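What follows is a set of structures to go through.
Shared between the two complexes below is subunit A, which has subunit B as its partner in the first and subunit C in the second.
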Partner chain A sequence: MDELLQYIITGLTVGMVYALIALGFVFVWKSSGVANLALGQLVLISSWFTYGMLVQVGLPAWIGLLLVIIFAMALGWITERFVLRPLIAQPILSLITITLGLAYLIEGLVNFIWPKSVAALPHIFPQQTIHIGTAVVSMEYLLAALISLVLFILLSLYFRYNRMGIAMRATADDQLAVQACGIPVTKIFSRSWMFACVLAAIGGVLMSSIGGITYGLVHTGLKAFSVVILGGLDSFLGAIIAGPIIGLAENVGGGYLTPLTWPGVKDVIPFIIIIIVMFLKPYGLFGEERIERI
Partner chain B sequence: MDLPSGIRNYTYDRDMAIFRTKTHWSMLLILFVILGTLPLYLDNHWLSVANLIGITIIAATGLNILIGYCGQLSIGHAGFIAVGAYTSAVLTNRLELPFLVGLISAGLLSGFIGVVFGIPSVRVKGFYLAISTIAAQIIIIWIINHWESVTGGFNGIVVPPAKIAGITFVSQGSQFYLIIGIAILVIFFAKNLARTRVGRAFIAIRDNDLAAEVMGINLFRYKLLAFFIGCFLAGIAGSLLAHWIGFMNTENFRLTESILYVGIIIIGGLGSTIGPILGVVFIRLLEKGISFLAPTLESTFDLPAGFTTGIGPMVFGIVIILFLILEPRGLAHRWQLFKASYRLWPFSY
Partner chain C sequence: MLKLNSIEVTYLNVIRVLHGVSMAVEDGTIVALLGANGAGKSTTLKAISGLLHVEEGEVTDGSIEWNGQRIDKNNAEEIGKLGLVQALEGRRVFGHLTTEENLMVGAFNRSDRNAIKQDLDMVYNYFPRLKDLRTNIGGYLSGGEQQMLVIGRAMMATPKLMMLDEPSLGLAPLLVEEIYDIIKRFNTEQKTSVLLVEQNVRIALSIAHYGYVMENGRIVLDGTADFLKNNEDIKEFYIGLSAMGTKKSYREVKHYKRRKRWL
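For the complex of A and B:
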């Protein structure tokens, strides 16, 4: 019973971070209809950049993290401007495969600049542990979840009240109508990519400050896809609710299934969930079912 | 359109033939002679490159049927190749069955697993399908890595060389004939498949699946058939790969390899027979060139240590992105343009 509580708390907190990364995907998908399969690599490169700033250059944490945010925004802008803008109005197949090319490119860059495969970030968060009931949880997890929660609230406020946020929602609804209203759609696209990259970067920093930087961060990005699929591709609420569900399933399932099956089952559960969702309810919990016409 | 002027067809058979003129036939003959004598003047190293190209052509042709003709995006191709490789390895190593049994069952098992993971394609497409095939790849590799009693797990498995009717294919030269022979069969099959009812149904599904369904094409059957054929060829390629390398572990089947396959057929040109061939030759030779040049460049210009490992993926990524932006129809389209201009030369109007 003790371990169940432990699994639940770890699962919920990690799930919040997944949801954060997944939100970046939903942004891009809703505004420009591009499926960003380079999510894992975006998480990877921002974590390594954090390592470069904090450890290799040796900056204090707050300057370093600020630079990471700026780097992520620049990355998002460059990606949209030079990779995706030439492909506006191309078939979905090209839009998906070009993000795969991007994934390849980023992975090469990471190998090129940071040839080691494993590194540890300095501790950004305090190291104490907290006892909740019988479970022992480290502050890092709780803070990660807290930061994610604060970001969710900020983002939803942004979309509710900020002019740009409203314009982004309008673009998601109808691109042509938005253009007719005089809103620069390309600017919205590049804004949504910047958001996606920043969220991936924050998610990456949170994950790697807990578990260190490994190639596994790419899988963290891939797990965000299972959040997106379970929650529904075009639903912010879906991503926020599905994130903790995936985290829970991963940790509780991993905890109890590992003795029954093989080690590492924890990392496969999100992908098994993807397959199950595909069979049962392919548009996810909150996704809008697209009805096509010929 | 594809023929020089002055060629007339008097029968339907002649109109449908792949090789129509004497030039076609003589070029085919020259190609066969070159391929047949290739082991005589290539050393082992280049023969191994040729073998890798042959194996990749088989797998890429399968993926091209799935993506290029039927429009079902699959990013788990390396996973299906792994299924084929391990099926063949387990059957020939642990059960000591003949190579041909391993080869066929590798194709069949791979095909069936492809069908299982392809079932979502009946309801979803595009990104959803891409994600479910990525999931398929990760689940397959996880099972292979941990089902140690059968697959050897992380330690890998030794694969005996291929053997047909008393002939053992050990040297690169003999394996070249085996691999190229199967590759030619596969290309011939793919070329003809595209012209049958099945192939035209695939193209209709790619262009608009709802319209295809209204016209009486059974979507369920044809989409799954496309998955079966694509993954069957992946399994065949995997089996050949296993017997060619002689040792298997899952390092050969990473997710990046799947992405590379999608890149190969994008670069080659979707939905054409020649496309995957051009794409594979281009990518594998590029890979070869990079692995040849990178260490030299690194030592002469005193570049950082990650240059050699990082430059390959970087170049592939850039090539995929550039092709999608500048020439989305791939090398096959360039090849068509070249043929058209050469046929009309010097009077292009």
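For the complex of A and C:
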């Protein structure tokens, strides 16, 4: 019983972080129709950048984290401006392929700057543990869940009330009509890439403060894909709900299956879910319900 | 005042769509741009609003001037900020946004919250039905309501020139009249110029001050609304009345005589 509770709490937390990263994918997909395949690498580079700032440069945590956010925003802006914008009006496949190129570029860059394969972040969060019933949960998990939750709320407020947020949703509906309203869509694209990178960075910091920095962070990006596919490529709500589902499946399923099968079965579960979803509900749980009046 | 000086528009560098179109929209007037499908009406609008660049089209010759300033090389965003606002053909509302959010997108380039609030009330005043539907999702509105929403969205940008592309498309005659009354009222009360693209010649000329008739990328006839309404060719080919003011029987006419060509 203890372990079940433990698995559930870990699963929910990790799932919410996945959801956070997945939201970044959904932004870009909705506004510009580009599938960002560099998601995992964005998580990786921002985690290493955090390591660079906090450990190698030795900045205090809050300055370092602020710089990480700024770095992520710059990364998003540069990506949109110099990688994707030159390809506007090209076939969408080229745009998607170039994100794959971007993924390998970032990976190479990371290997070049930080050649070691594993590193640990200093403790950003307090190290206490909390007893929930019979389960022991570390503060880090709870804070990660809390931060994700706060970000979900802030983002949904942004999209409901902010001028730019509403314009971003409008762009997802009709790009030409948005331009007819005098709104620069390139600005919208650039904003959505900045969002994607910042969310990936926050996700990266949360994940690596829990589990350290490893190449496994790239797989976090891949798991965010399974979140996106389960939730529906174009659904914010879908990502937020599918994240914890994937996290739970991964941790609860993995927790009980590992003794029976082989170690690492946990990491396979999200991808098994992708395959099942693809068979049963190719648009995901909350994928585009097309509004069409007949 | 908007002026087009014999503009030519070419798509993808090879397909020439407009062959020297010249026209003018005086401040505060309603100008109708009439013609059949494929005449180049929408292309003319897109050339003015800068949306042509998005569709790989270009003004290859001639110039477009707004109050003496050349705008044919500007992009849609800059032109929108100058106050030239286009409502696209085919009721393109943002399907997943509410009515009010749709209207707020129209006010994107403005920052004065009070003025935006006032204009929101103004739009609701012109289209009371939209006020009742303010929290409804755009995609579920009826065709007429969507058309109202698209026009309302253009109004939210405080346009100096509002360009409407076929506001009557696919709507019931009664609704068309209602919408045209509102356009007319908006023009008189707010002194906003309106450039109207229409196939429904009768209704367009009922509110327009001046009209242009396009065919195959050229202006073939222009004049005041009264002149056009009484023009025999217009009556026959666009309104469907013969010289006697009665409906014409096409059976009695040899097919090659039916359509007059100016070219």
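Following the convention adopted for this analysis, the second predicted complex is superposed on the first by the 288 of 294 C-alpha atoms of A that agree within 3 Å, B and C clash if a C-alpha of one lies under 4 Å from a C-alpha of the other, contacts with A are read in each partner's own complex, and residues count from 1 in each chain.
By definition in this document, a contact is a pair of C-beta atoms (placed from the backbone, for glycine too) under 8 Å apart; a residue touches a chain by one contact, two chains touch by 3 or more.
What you see is a predicted model; the values in this text were computed from it and never measured.
Shared-chain residue A:170: touches subunit C; no touch with subunit B. Residue contacts after overlaying the shared chain place A:279 against subunit B, while subunit C stays out of touching range. Using the contact criterion defined above for the overlaid structures, shared-chain residue A:182 touches subunit C, although it does not reach subunit B. By the touch criterion defined above, A:74 lies against neither subunit B nor subunit C after alignment on the C-alpha atoms of chain A. By the touch criterion stated above, A:83 is placed in contact with subunit B alone, subunit C being left untouched. When subunit A is checked against subunit B and against subunit C, the one touching more of its residues turns out to be B. Judged by the touch definition given at the top, the superposed model places A:157 against neither subunit B nor subunit C.
In the superposed model, A:114 lies in contact with subunit B only, and not with subunit C. The contact surfaces that subunit B and subunit C form on subunit A in the two complexes overlap at residues 292-293.
Note for the complex: subunit A touches subunit B at residues 29, 35, 37, 83, 86-87, 90, 92-94, 96-98, 100-115, 218-219, 222, 225-226, 228-229, 233, 261-265, 267-268, 271-272, 274-275, 278-279, 282-283, 292-294. Of all residues in subunit C, those touching subunit A in their complex are 49, 51, 54, 56, 75-77, 79-81, 85-88, 92-97, 101-102, 104-106, 108-109, 137, 139-140, 142-143, 153, 157.
Within the complex formed with subunit A, the residues of subunit B that make contact are 67, 71, 73, 75, 117, 119-120, 123-124, 126-128, 130-132, 134-136, 138-139, 142, 145-147, 208, 210-211, 214, 255-256, 259-260, 262-263, 266, 270, 304-307, 309-321, 324-325, 328.
Within the complex, the subunit A residues that touch subunit C are 89, 163, 166-167, 169-170, 172-174, 176-184, 291-293.
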